[in-house]
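The structure's right below; bear with me while I get my questions together.
The chains carry the letters A, B, C and D, assigned in the order they are written, with residues numbered from 1 in each.
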């Protein structure tokens, strides 16, 4: 079937390629004409503006947005003015689900269908397929079934038996509920992702410290000496350990696969500074947990670790040093001393 | 080659079966004769005592222990008295690596080789193979290479390319370093496991709360009303979501596979009370982190969550209620009010 | 000066008593006439309705609300209809500061002043005075200076020298900024309070466990034995320790005073079940931290501990047990076994 | 009575001064003769060596050590060789309580009494008195009662009524139990201290972020925009808020007093870099919690925050960035972009 894709960045462009491969027809638009022509070269129908894209896909057609969260709102409003009752607007980015609910209500009043589709798969989705978490009215979801099926991985990755033939979950896409349910599910997915990532990162950092007993520490009142240096004499090959864990262990996962790969490429990870971004879903997951009274100590620790990695604890840390000086006369140790 | 296995519980018995299938000869002993005869039925050589097992495998042979951590120490001492220089004792259980280092030193003085082998794979290892993390002297590790290769998954699960032909990691077993390095690596593995498990569990608990806005809450000074109930109206099918995440998403993993399976079998998880055990490695991981000054907020949150699940926060919680009464006159709300 | 107080619960009634003692005139109203007459007996002017209260204090007078957060909004709207430009409405409860900002804007358009006053002091405020964190337009704050001064502790508790004579902070009240700044500051105050309380509660729980080595534990694969029971043989007198810490130690505080008192009254805290309420500010503090990207691992741990104390981790914990069964065949241990 | 003090650093010297003021006779020794003569000037009896100190205080006298934890062990051993049965050695520093138990056992076999005395009060103890947590045999504790009473604050700070005349806790010193109980109690005290400090520091950091909405953020896929900048427009005066909280609020404490003082001196805390030391007790508190199965999420978050402040999360953070690049093509943002 036919679909218009607006926003041809990393994700949007690959999704179009996957749809084209599956035989779907895609109208494509992006503010950068180079992104459009790159896809026209592989069979997409280029558009010169949003208006043009709507003209080509039809006022009751389906328009899929892959845009930064901050510009989705105005874009949806503009699109809605160009389309007619019966049309479908899909937000496949990482919008906050509250916005979905508000937008869905506003569009429903005009007869336009709004779907929120959480999309996971990253740069690997082109080949592996995307995991799609879908929210919105059931009829519109059904109308796009072939599109979802083409974007999703499909049958080639093992489902939990017994496979429920009534369900699409084992194919990699799922209608999670009414408007907002797709992004809510994707939000929690990313919250979990932060936690899983941090679990590996912390553990591997502890492995790295297994040779701590080989170092030397000064003896002074400010430094805790390692009590038993003999127990910290291991030089663990982090890359090899990450690889072995991929084979038969309980903690095998795709994130571990990528971790092993990254460590194999550069065990010192020298190409990274350690300023870890977070792009919204982790924060919203915690806010949902807090609003509904659900404990989430692991997910919050993972999120706060990212904040700290960007220096956001610094003032608090300086205050701790100020208190230590005030009550105990403890001077901060300079970096070179430790 | 030949090996004696002492301890034929869940793990030990399956490991013997896997070794027998691969053509190895196994002498087997357990305090429960039924466990011995079950394996004799499938081709193992039964022993009637530890002495008998050593007699059958030879005083310079290899004896593998799969025993609860608490009884490993005395067993190793007894075994060492029965064996001769050149023999190998393998502890495949979950011993604390400090004990390995101490035992290894004591045995080395007598010429007996001691290997610590962290073994992951659980009840699935029989079919999938076990992930083995090995510590100890290199010659003894090499001598048992065929045994490790048989227990490990082998080539059938994809390695991170490019495969390093010099390494066994991509086959599922790895010599991690000198005595203790195997259990140190396994310890951290389990610490990570706790963190990964908790990330899924917290996230799915937040998904479950997505219908919180459908409930009704009293208006009083002790209860925080949900500000926007309209944003918490989703009845998410947890089992379906766990399944869809397995296909193409960033958080796919073996633990997620099992989670999907468990939720499919009983979405309410009614067969469980929520008292979560922890069996040592998670604790030791944290202690290693603390001794070496490595932050591990996610792994510690996961561990403390298990403690709390068994009621270990209760006194602290009562103290909080006592403080609230003291400063604000706040009476505890009875369970039925919430 | 004259003030009307609406809401004569625990806090409101005591604040009126403190104002009356300082020579202020108070009009009082509450839905429960008994609360009104109790204050009339000590010199307040009773009102039979909100309208009556406004009539008595004047349409350009000052009306102070001490109400549950959930009913503040409608009450402010009703009041605003009864009052005139120049009047002052003060919300002294624990409203969410977003609501203050919204209400302040709406009222400002009608010329009515809105002040948000975070009020700390609990049941002790009558005698000790209340700590007041004030947000709103500066003229209205100045007009009520004598009221704030009477409610606050005043000079009898030592200020940090050198005292800034231009500041009221050392008297116990502070104009923190424009509308919302009072409740924002109070919100963070309570977030800190949760953290401080939890620090004491956790520590005292660890003291309590100092005799853990006297117990007996089974030896099985699911239980981690205490490695060195000889180091856990102390029966610490928790009440005595809390008392001694109050004298000269770094952790002396008012919350510790109350803790010592509670433990002295009943060291077993048998009157409490350990279901710890949270009343909004702790949640909002975390949400502000998350929105602004500020790490708050201690404050969030304290908040989540309260959620868990009310059973909100249970489903997550059952899921952990389900995973453990799935990968390792671990059966949950019944409560009596531990 | 007479006492020898070994170790005349920050703490030891002030304790001697307080004892001298109370009329006790003190023999003093330090490796730095200048420290000795400074105290001789105010009435102490100087010693030229440990042997000399023992000679002057007597072989059955009392020798109090205020030394870095790492040198306490060898010093105790040397001292024990110089002293006789009936003598008392007091470790007033921050030793690990396991060492106390081991030392106490060894010394008891020779008839020498060993007391472990956790000492809180910092640089303020000279004037305010020290809070003393004492472990060891009851007779030796009683023999030093006058010394403890002189060091402790005494009656001038209010006890929790009703005062138990049988207890010394309300005077600021307490016999907590047998050898090790003093340092165990002090250890937990410091663990709590870390948690309380972090609660204030996090909260004040959140206050500081209250003007976040005034900034400008780029719109891109990596940055979460602040949803409602209008709610983050406050410029809170941190120093004034810390001061006002000291008067009548629930979170008043000595640490808050010091915080207010530090912020008043320099609200930007420009003299500190934010590398926060930890000196053992916080770590040991967590290890005790973990060994005994007691949840301590707040105390551990505080400890890990200190580790992170010294850069110990960096490798883990780089690994997170590496994973993000691997699955999503996310490049780390340079510092200047944020």
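The definition used in the following text is that a contact is a pair of C-beta atoms (placed from the backbone, for glycine too) under 8 Å apart; a residue touches a chain by one contact, two chains touch by 3 or more.
The structure presented is a predicted model; accordingly, all values stated were derived computationally and were not measured.
Contact tally for A-D versus B-D: the pair with more C-beta pairs in contact is A-D. Interface chain B/chain C: over half of the residue numbers present appear on both copies, so the contact uses mostly the same residues.
Put simply, the chain farthest from chain D by mean CA position is A. The centroid of the Cα atoms in chain A and the matching centroid in chain B are 28 Å apart. Separation between the centroids of chain A and chain D, computed from CA atoms only, is 42 Å.
Taking the mean of the C-alpha atoms as each chain's centre, chain B and chain D sit 37 Å apart. Multi-chain contact residues, meaning those touching two or more other chains, occur in chain C at positions 122, 198, 200, 202, 204-205, 208, 224, 227, 250, 254-255, 261, 283, 291, 293-297, 301, 304-305, 308, 310, 312-313, 316, 327-328.
Taken in their complex, chain A has these residues touching chain D: 9-10, 68-71, 94, 96, 122-124, 197-198, 200-202, 204-205, 208, 219-225, 227, 254-255, 258-259, 261-263, 269, 271-280, 283, 297, 301, 305-306, 308-330, 332-335, 338. Per the touch definition, chain C reaches chain D in the complex via residues 97-98, 101, 120-122, 125, 128-133, 152-153, 157, 159-160, 167-174, 176-178, 180-181, 184-185, 188-189, 191-196, 198-200, 202-210, 212, 224, 226-228, 230-237, 240-241, 243-257, 260-261, 264, 285, 288-289, 291-299, 301-302, 304-305.
If you check the complex, the residues on chain B that touch chain D are 250, 283, 286-287, 290-291, 293-297, 300-301, 303-305, 307-308, 310, 312-313, 316, 327-328.
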